[in-house]
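Labels for the chains are A, B, C and D, by order of writing; each one numbers its residues from 1.
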Amino acid sequence: MSDATALLSMQQLMLRYKTGKVALSGITMDISENSFVYLTGESGAGKSTLLQMFYGGLRPSSGKLSVQCVNMRTAQEGEIRMLRQRTGIIFQDHRLLFARTVFENIALPLRVQGWHIDKILPRVHKVLSFVGLGDRMWAYPAALSGGEQQRVAIARAIVTKSRVVLADEPTGNLDVETAQQIMDLLKAVNRSGSTVIMATHDLHLINEFPGRVITLHAGAMVADDL
Amino acid sequence: MISDLLPEHMKHLHLPGGFQLPPFGLHQWLALIIVGVGLWLVGSVWLGLQAGQQWVNSWQDDVVVHVYFPHDQELALIRAQERFEKWPSVASVQLRPVEEGVAWLQEWLGDTGLDAEEIAKRLPLVLVLRLGNHDESSEFIFADIRDEAVRQGGFINEDELLLARMHGYVASVKYIVLFVTILLALAMALIISNTLRMMQLSHQEEMALMRLMGAKEWFVRMPFMLEGALIGAGAGFLGGMLLWPISWMVSTISDHFHLSGDVGWISFSLMLLGLVSGCVGAWISTLRGVDDRADEDLDS
Amino acid sequence: MSDATALLSMQQLMLRYKTGKVALSGITMDISENSFVYLTGESGAGKSTLLQMFYGGLRPSSGKLSVQCVNMRTAQEGEIRMLRQRTGIIFQDHRLLFARTVFENIALPLRVQGWHIDKILPRVHKVLSFVGLGDRMWAYPAALSGGEQQRVAIARAIVTKSRVVLADEPTGNLDVETAQQIMDLLKAVNRSGSTVIMATHDLHLINEFPGRVITLHAGAMVADDL
Amino acid sequence: MISDLLPEHMKHLHLPGGFQLPPFGLHQWLALIIVGVGLWLVGSVWLGLQAGQQWVNSWQDDVVVHVYFPHDQELALIRAQERFEKWPSVASVQLRPVEEGVAWLQEWLGDTGLDAEEIAKRLPLVLVLRLGNHDESSEFIFADIRDEAVRQGGFINEDELLLARMHGYVASVKYIVLFVTILLALAMALIISNTLRMMQLSHQEEMALMRLMGAKEWFVRMPFMLEGALIGAGAGFLGGMLLWPISWMVSTISDHFHLSGDVGWISFSLMLLGLVSGCVGAWISTLRGVDDRADEDLDS
């Protein structure tokens, strides 16, 4: 099943938390470039844990995991750092900075990559318009509704044209229509060349926007519709 | 087009990370001023010590104690001389030559017809004790000399003693000064590091997020390093500058002291001290697990 | 439409944020004791804003709002405080304290109401077991999955047998099964005597667990199936 | 059953709010110790001033300057006396009675056959200047007296002058001490309030949440008030206790000083000062809009 062109590849991947909890075990799969992947499973199945491993937030306890040709068990700090710069992340609890404006929140990854302010401004504006919040650039996140905050978090994740976008329940707080808009966005991002891996509970969305569906249950992979 | 996007009041965008100084708020200014004045205190105390040292040095060879004996107690005098000579703290013991006494009396009496020599015979005999290495124990030396003199039937001049004793006080002050300096330096470091730590606590999430986005460590920490260095250097500069008026005042009061060279050095060291302690404080306070969410609580 | 026994009553309620945004306008309705109310509407419709007004987080700009016989436009700090002690809140971004254990998080409202520790412990244990996390009492929220965190937030809201429970998308992050468990919980809370007001996007849940549905759109009430 | 629920390492549950002291961590201890030693410094400086004051007071009536004139210069003497009497800073000018000189000389010469009275006639004439209100300007008084004496043909004893001059120095030190005290107190307050503010920053969400649950203000703030009071009182206690060895040392060195009463008072005031400043610092630092999420950023 291993594949030379695979962007992410896992073999007997296992993760045990410090508390002793085995959150993932025996995960073996490949994710090829430019695919659109759903991760589903009940609450506590290990979706967020798996996504965290894809950006080096957690290191494998055993088994093999390579992401964008980086071996995540042996990777140096510097490699992980470079990997993260090529990865857009939408966190389950969006993690927006409430002390900073929407603009500053979205500009953060660009700034980390050393962009100049003259290029940052139009780019942020473009992405914000793309998620439909072009006029809220100078608002503070506290002044946005939950769904609007979610869209800001999405804008932050896609602002740097990442090779991989990891989305942890990006539609969790959204009404059906907005969720569909978000899915359109993610599909567009996928079409423009990024691989999108998205954890979700929403089976209706999966039916509506087709993609590869990987189902976890209690830390193990129970289905893969590849 | 860019200026279209940027509203008027946002002309000075303040993005996190990198070579960007965090905005200098009330806390920063407070810390800078207090640390600056603290450093100035340290500097002035050292300056005072320097001045005291100079004062003491100008005395050093002059710390003498006169022990008087009645003119007919020559035996007691010789006995006392022998005993004092054995004291390690007494550098030399001399009998004041009679001529000196005569000359002094002559001058004192004026150029009258009175025969000074005749009177001089009746003058008390005087032992001149010159004290050697002069340290804190001198407090007891003086008492010992007094006791010994009285025991041998002589007496000493209490005023002279008081003056000589001053010398010992100045020497012992040095240790207090050292202690105070260390304490103040610690307090100043605590103030800087607390200020930085406050800044970091309030930017904790931001720092964690930047790390998750692949930012290098220096990029994440640089603003705080810059801030620490700025507070430290600013405080050092303030402290150093404030030293000059002090030294000017001191030299106006008395031209015993030549401190300008020392002031330069001390204020330079203060600035360096401030800068280094600011940077080190910043580095240390950025070290602690700021990435850890459970660390939000300082309790643990 | 005004009703003497109404627990919450609104008349031409309007709310304007400091930014000038009018988030709610012309809301007139009564909510009677012991009812189960859904608030729906697109993202940004004003659901969270309305819920916030029910516990004094926001004061009406104009119109009338009385909650548990407290006039929210003129109420003193002390009245609001007492009102809040009778209200359980599930926040949209759950607002758990990550530096404290699950137990401490849930004990917080009891402690605020002056309970003794000997009574707090069994009560917290009981409520945690009720939401299915009896064995996670001493874990930190960071060690829980998103859905488990959501359940802790629910436990915190219902631990003090409140007269009113306000729930802002309590099932937002949950898979279908867990969401149904949560709904069962809330229904049970409702049956035990509390009024439950719940903002949600999930129309399937609404169909499955019947209740009064109030629909907001752009700050106005557009439907009320009473 | 309760003990079943409570794991072993959780025996000391630490719930937020109310009469509950937040756990005392490194930062708290650091602040307590540094503030304590700072207060001790303040106390010792005041103690030193007290001692200096006592010293000065014991001199107060003794600050005299002797102006000598050759025995045949009576006219000059009288002229000088008249001039010195007009000086406001000189309280009294007296001619030393001849008998006094004779008695002194007699004693000094020993009980020899020499006729002291005969010599006494040749002794210099002495004016005794007693200085009145003694303040910082004394530095110049002494110089003025010297100048005037020389101008009139007399002379003065330089050693005596130096000793008298000390008096002026001690008096002027008081202002420096006051300044240092205020500065140290400010620095200590800043340390306490920063420590508390840090504590609060890390408990900000918790405080906001408790308010949303209907907690009273005192309930939310009490832990921080308690902490501030504890740090303040602890530091005051530490500072007060550390004063005793100092006072003991001082009284051993010299029994001029009777400070025990002062030490009691000063250490009591330190404790009170610490307690009050801790509470006030806590109250103030809890005042600022901790409910506001945008306030998480200290910039604004």
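By our rule, a contact is a pair of C-beta atoms (placed from the backbone, for glycine too) under 8 Å apart; a residue touches a chain by one contact, two chains touch by 3 or more.
Model, not experiment: these values are computed from the prediction.
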Q: Just grab the chain with the largest centre-to-centre distance to subunit B, centres being mean Cα coordinates.
A: C
(Q) Looking only at C-beta pair counts, which chain-chain interface has the most contacts? (A) B-D
Q | Geometric centre distance via CA averages, subunit C-subunit B, whole Å | A | 64
Q. With chain centres defined as C-alpha means, what is the inter-centre distance between subunit B and subunit D in Å?
A. 17
Q) What is the distance, in whole Å, between the centres of subunit A and subunit B, each centre taken as the mean of its C-alpha atoms? A) 60
Q) Which residues of subunit C are in contact with two or more other chains? A) 99-100
Q: Please list all residues of subunit D that touch 2 or more other chains.
A: 14, 202, 296-297, 299
Q | subunit B-facing residues of subunit A, complex | A | 55, 57, 80-85, 87, 89, 95, 97, 99-100, 104, 107-109, 111-113, 117-118, 121-122, 125, 137-138
Q.
If we count contacts the way the header does, which residues on subunit B are in touch with subunit D in the complex?
A. 14, 22-23, 25, 27, 30-31, 34, 37-38, 41, 70-72, 108-110, 112, 114, 119, 122-124, 139, 159-160, 162-163, 180, 183, 186-187, 190-191, 194-195, 197-199, 201-203, 253, 296-300
Q. Subunit C touches which residues of subunit A in the complex?
A. 17, 19, 21, 40-45, 48-49, 92-94, 139, 143, 145-148, 150, 168-169, 172-179, 201, 203
**Q.** In the complex with subunit C, residue positions of subunit D that touch it
**A.** 1-2, 5-7, 10, 13-18, 202, 205-206, 209-210, 212-216, 219
